[in-house]
Amino acid sequence: MPAGELRPSAVPLHPSSPASPTAAASGDEAWVWAQIKAEARRDAEAEPALASYLYSTILSHSSLERSLAFHLGNKLCSSTLLSTLLYDLFLNTFSSDPSLCAAAVADLRAARVRDPACVSFSHCLLNYKGFLACQAHRLAHKLWMQSRRPLALALQSRVSDVFAVDIHPAARIGKGVLFDHATGVVVGETAVIGNNVSILHHVTLGGTGKACGDRHPKIGDGVLIGAGATILGNVNIGEGAKVGAGSVVLIDVPPRTTAVGNPARLVGGKETPSKHEECPGESMDHTSFISGWSDYII
Amino acid sequence: MPAGELRPSAVPLHPSSPASPTAAASGDEAWVWAQIKAEARRDAEAEPALASYLYSTILSHSSLERSLAFHLGNKLCSSTLLSTLLYDLFLNTFSSDPSLCAAAVADLRAARVRDPACVSFSHCLLNYKGFLACQAHRLAHKLWMQSRRPLALALQSRVSDVFAVDIHPAARIGKGVLFDHATGVVVGETAVIGNNVSILHHVTLGGTGKACGDRHPKIGDGVLIGAGATILGNVNIGEGAKVGAGSVVLIDVPPRTTAVGNPARLVGGKETPSKHEECPGESMDHTSFISGWSDYII
Amino acid sequence: MPAGELRPSAVPLHPSSPASPTAAASGDEAWVWAQIKAEARRDAEAEPALASYLYSTILSHSSLERSLAFHLGNKLCSSTLLSTLLYDLFLNTFSSDPSLCAAAVADLRAARVRDPACVSFSHCLLNYKGFLACQAHRLAHKLWMQSRRPLALALQSRVSDVFAVDIHPAARIGKGVLFDHATGVVVGETAVIGNNVSILHHVTLGGTGKACGDRHPKIGDGVLIGAGATILGNVNIGEGAKVGAGSVVLIDVPPRTTAVGNPARLVGGKETPSKHEECPGESMDHTSFISGWSDYII
Amino acid sequence: MPAGELRPSAVPLHPSSPASPTAAASGDEAWVWAQIKAEARRDAEAEPALASYLYSTILSHSSLERSLAFHLGNKLCSSTLLSTLLYDLFLNTFSSDPSLCAAAVADLRAARVRDPACVSFSHCLLNYKGFLACQAHRLAHKLWMQSRRPLALALQSRVSDVFAVDIHPAARIGKGVLFDHATGVVVGETAVIGNNVSILHHVTLGGTGKACGDRHPKIGDGVLIGAGATILGNVNIGEGAKVGAGSVVLIDVPPRTTAVGNPARLVGGKETPSKHEECPGESMDHTSFISGWSDYII
Amino acid sequence: MPAGELRPSAVPLHPSSPASPTAAASGDEAWVWAQIKAEARRDAEAEPALASYLYSTILSHSSLERSLAFHLGNKLCSSTLLSTLLYDLFLNTFSSDPSLCAAAVADLRAARVRDPACVSFSHCLLNYKGFLACQAHRLAHKLWMQSRRPLALALQSRVSDVFAVDIHPAARIGKGVLFDHATGVVVGETAVIGNNVSILHHVTLGGTGKACGDRHPKIGDGVLIGAGATILGNVNIGEGAKVGAGSVVLIDVPPRTTAVGNPARLVGGKETPSKHEECPGESMDHTSFISGWSDYII
Amino acid sequence: MPAGELRPSAVPLHPSSPASPTAAASGDEAWVWAQIKAEARRDAEAEPALASYLYSTILSHSSLERSLAFHLGNKLCSSTLLSTLLYDLFLNTFSSDPSLCAAAVADLRAARVRDPACVSFSHCLLNYKGFLACQAHRLAHKLWMQSRRPLALALQSRVSDVFAVDIHPAARIGKGVLFDHATGVVVGETAVIGNNVSILHHVTLGGTGKACGDRHPKIGDGVLIGAGATILGNVNIGEGAKVGAGSVVLIDVPPRTTAVGNPARLVGGKETPSKHEECPGESMDHTSFISGWSDYII
């Protein structure tokens, strides 16, 4: 079964010709939501066993915010934190800040473009724990910024239980971010993640000890961090840099270079590191640097 | 307390003298199911607090398929995917393909033989998330092959939420496979896993980027992959090979050799790698290669 | 937003001047419980949306044991293992052994002192899956020691499903232990963890194969094990030692030394390893050894 | 709002021209099930908020039996009697006796024809507790006849809790029976109810004391029993008889007569009771006998 | 224990001196909601075991509508009609018509004034199934009037399951209505209930058969209907009339008269019925008419 | 099928020859609990589908109190009143007053002796809503007497929702009371029910209006009240009296007489009422008085 069939390149990922940037943003959200509804309708028709699920999570809702608030409320609730309470909280938080929904749309698009296994927007919306954990974080972060910290921390805990993704609500995360597979991701309190970053599962952006203060990594725009990479301390991963799977990084990585290994080294060497042109956070090229990794041979 | 007492070697793991291979397979399933019921009955008598659990999950059922369909339905259900729906789906899928149950029996036996902490078949059936995630994958894979893809993907997502094990429904997995501990395992869309493979937790069989097509590892029969190993790309791990814990592998590993480290190297060197005789996926020997790992010293 | 504000150093972590050690222990528990109630009361007042949660989990209970039994019962229950059954079991187990609650208090204090993101005792009690998984393990271990093994194994399985933390009920764990973030931690059957140890997420204390018997690591007092470290086999990690993030350790690590890398090496070299004075399990210093790690450069 | 609009007389209630009685019965069930699906599809399209409910209860099922087993399993389950267990039990019981489904179809038709508030078959199937309680009774009665008495009694209890309808599983109930509104109906162990009977809410078919044996009413075909009527003891209510609302009956009522009042008297007098022609259980005429009830005046 | 102590007459039931009728209405709602919150706060402080319940249902909400939508959503939900869906639906419906909340306030006041067992507004809001069923009906009626009939009927069914109160969504109900105890109440499709009516449990306002059209009772303002009374057909119960417990009424009852018995007769006789002055729906005088009921003697 | 087979008279209902009254009481409880366990064990063996239910509700518990607390906690819980909270509350309340359990035993025996459909103690314990509602009332009454009124009222409300039985927590109820079928029973705040009383479903012991104070019926020892009877006001039903089904009683009924009809009259006439010898509350003779009811003829 040719996997490529799943995502025919002919499927458009954007509405055509927006008139202005602002209208484009808003039109873009409407277009993605319309796509999601069309996908869900098609799947509900083809698969009656899934129709109830698709109607309750997507097709009965009038907007992406409401669908997300419903889905997250039902996923994150517990016997002591009721779904109705969470749903209400999420709806109110979404309506307090339109950028939350815009970021969700950018994240949906990121998954759709970068992950070959992502066959549709609705697949990501419903099934990607990385996407859902990220949106829950965005909501928790908003609450944190409103000084509703105990509530934000309770959400972080629910996300860690339900999705095995542990992002401190104070962490700042840009738009168009893809957490692929996502299990085991840990992001600390003072971490910052730029736009268009791709982070695989088991990645840690951790602190350096028990000292307070600014102690977590800063990840530049367009960075790609491979599965199981551990980045510790207030270090900079420069824009467009790549961190190989399983790497352990405790020192800054310059822009557009590649760090690999445990301990991590720059591909091409510390003094003359290879520089790549493309944006790895978007190209998701995990392995083409092998040839440049001099001692990587079996 | 001598842990060895938990699994007296005198406990038989097979029925005696099957008449023919086919009868053997079927008789084997019956024998394992009879063992499971006997174990559950013994435990229910000894521990009334657990009896309700054992009756609902095992003792009230007439076959292993029904018990598994029930247990998985209750584990994987959510407020929007009801247990009755999943139970029904699983029952129907099991009855559409007898090899699903045969594979489950082989997996039960694999855990019982290879994992010293596995004190009984029923312990594995009820409590091993690796076993349960693998059976849920087998069901999802069957649905995938029947072109019921949105349903298969929804199951993948539930398994990832509930067990923190993320196996794409298109991945092909052989029989007698042990996912030990299992948390954090990620298996990509075009990955193939052979028979009698043992895979520890946090293992990734991942892709190489955003390109579509055949992009995930192929794991030969009898391979052992240690905890936290990351194998990326369409590479072959030859039959009987061993991948050490924490290794990062991006190139083929020849049969019956051992790859360790990040970046991974062959024990014995690239040119003259050591070759072992036994089947590590079954012997589960994680550490005897230390002596052969020349620079592994503290 | 200065993160340091979250945990003003002026907050006392101990009651003042206990009269005698025994009274101190008991008074200490009472003092911590009083702190927890005061924190919950303050948060309930400030955040009505969280008040119901805080009352049901903390403020309606007369002791830390009851609060923990309630919270764990509700977190770990499933459709086939009811919350009332678990609550009852936990209450009875707590009352059978006062050291269980004392250990919980020590663990709360460990999180509060060592983790800069831990803003209050109640935050840890309610939201830290590492803390909750550890207390569930202590209860399961007690059951294991009472030969109620099937019940203990069922609890292990629930903890692994719910928290993605897999600790065999036979493992022995000291007091004042911090499992930070905790997702993906695996601790095998014959492992032993000393007092005042700090273990980050994705850490494995694993076995060496399918042989039975004593086959898991022994972790000395005051050890710090970084994120993603894998320690395999019946090896000793000497007291006060430090294991770097992502390390793979298969040989003993001497006391107060630091092992890093995959394969792990001692900082300072095998023959003349650097020795540190402080107790890393308490200082949580993950990264200051960088300078000593000779080839750790980017 | 003219209520009559709800049930346009033009809606056909039967398929046209069945070839033979047997084929008719089977064809009738298929026709009703097709109607139900069409109604549900129409409602799901018109009301997205209800679509998830309609898909999970009706549209995802391949037969009326499966839909009923699912709906009853979810309605009658409790934390100690799981929905999956009940669903399985109901499916198996339905498949063991095709007359159970035929009776359900007859009951659906009875509600549709006799109750002006019954706007569709699907409305009855989903929302009429009298219909659902009756089908649950039919299933419990089957179990009773198979000597599975404790299970049958547990079902009776669940129906009494959930629907406030208490029918002993040994009671025998004919086809085409309408329990309208149904709350508070009590039917004793040795009661018998004929075909085409209509019974309003709060009706009691009770016993006469603590003596064992045949001690409950026998209700003939086509009887109508008004709201709140109490019929006690092994008495016969003759075919086509009518028992007025609130009546208390302890003696036989002859066929096609009307008993009213507390104590009940025959309309027309004991010696020369009025006899009506029509079948009141089908005509549902509750009140036209007023004129014949000589002293009924205000 | 003097029951009277429960409801000291000194407790004010109204805010003092509203400036204008409109302001009064709105101010009245605000005043009642403030009372409810104060009562809940007092009870939460006095009874920690109930505090979680009181916070989740009342104290965490910003308005009576939200509290009611939450409480009803959680009470009426099922595994196939999620609480979040109902909550959303109820919130939207409340906000579409302010008279729904005004009616709820009038009903709360009716219970508080007329029922000696009603110790507080919050007691009624949380615990009175008659009150809750009536508010759920008001919401369902609104949906019915918006031609969302399948949804309205599904709500009716849930109310009948959960509260054993069966009110057709087309029925029209005035303000200040008390359904006391409420179990078993049945109100038909074309029934109309006026303002300030009090209806005890087991009361039926039923139809007359299978004919469509206007076929249910019309209950005037201020009527009192005793427990178990059955009123059938399109009859008028005149304003201020009283219907005795257990009465069966099939003919009009003139204003301010009393009908008792089965069959019902007017107290004082058909020609010269006694007329009372007060409004029985408000005075709740069930039994003072005994002396006028000539043959009521034991 | 001879119903009598269900309850062979040979089954003993009491332990043999207790030494002393006190020992008898305590021994009696132990004996009944032993019977219940034996019955449940027998049923679990015969019916695996029910075994899980029987183990969780009965066989896993060490005493009747714990079994009842568990069963009621699970039956009465809601999403805002957790089962663990109720279980804890019930356990504590049972242990505060041993007479609560003694009353439960007397009620179990009453059902077993008086109700021919009650085939075993365990059937009553698990399945009789009248029994369960009565025990929940006893617990709520205890709380009421401890001035925990909001909690007692919340329980009353849950019992009314779940069992459709509405008993004010202030009402006083004797021992050996049978609420048969129970749906629709309403018992007011100042009502008193003696020992060995039997009350059928839909019975109201109601008040007289909105006046406060002592306003509900007082039911003497050994009284039998038929289905649907309504007794209103502070009237005495003398010991051993009988109230016919559907009767409406507003005046005292002398001891050992029978009141029937609406309005109720004494059988035998007001001046010379028939007096019966036996205790109708225990004999459950509902209908033998027919011959004495002069105008009861059809």
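Note that the chains take the letters A, B, C, D, E and F in the order they are written out, and that residue 1 is the start of every chain.
Assume contacts are C-beta pairs under 8 Å (C-beta built on N, C-alpha and C of every residue); 3 or more make two chains touch, one makes a residue touch a chain.
Chain-to-protein mapping (UniProt): A, B, C, D, E, F = serine O-acetyltransferase.
Since the model is a prediction, treat every value here as computed from it, not as a measurement.
Chains making contact with chain E as well as with chain F: A, B, C, D.
Most remote chain with respect to chain A, judged by CA-atom centres, is F.
Placing every chain at the mean of its C-alpha atoms, the farthest one from chain E is found to be B.
Although chain B and chain C share one sequence, what matters here is the overlap of their interface residues, and that overlap falls short of half of the numbers used.
Repeating the A-D interface with over half of its contact pairs identical by residue number, the matching pair from B-E, B-F or E-F is B-F.
Rounded to whole angstrom, the centroid-to-centroid distance between chain A and chain F, based on C-alpha atoms, equals 59 Å. Averaging C-alpha coordinates per chain places the centre of chain B 51 Å away from that of chain D.
Centroids built from CA atoms put chain E at 54 Å from chain C. The residues of chain F that reach two or more other chains are 49, 52-53, 56, 60, 74, 79-80, 82-83, 85, 164, 183-184, 202, 228, 246-247, 262, listed in rising order. Of all residues in chain E, those touching chain F in their complex are 1-4, 6-7, 43, 46-47, 49-50, 52-53, 56-57, 71, 74-75, 77, 83, 113-117, 119, 123, 126-129, 162-164, 181, 183-184, 200-202, 226-228, 244-247, 260-262, 283-288, 290, 293, 295-298.
Against chain D, the residues of chain B that register as touching in their complex are 52, 56, 60, 66, 70, 73-74, 80, 82-85, 87-88. On chain B, the positions that touch chain A within their shared complex are 78-82, 85, 89, 145, 148-151, 153-154, 156-157, 160-161, 164, 166, 168, 170, 183-184, 186, 188-190, 202, 204, 206-215, 228, 230, 232-233, 246-253, 259, 262-266, 270. Put simply, chain D touches chain C in their complex at residues 79-80, 82.
Of all residues in chain A, only 44, 48-49, 51-53, 55-56, 59-60 touch chain D in the complex they form.
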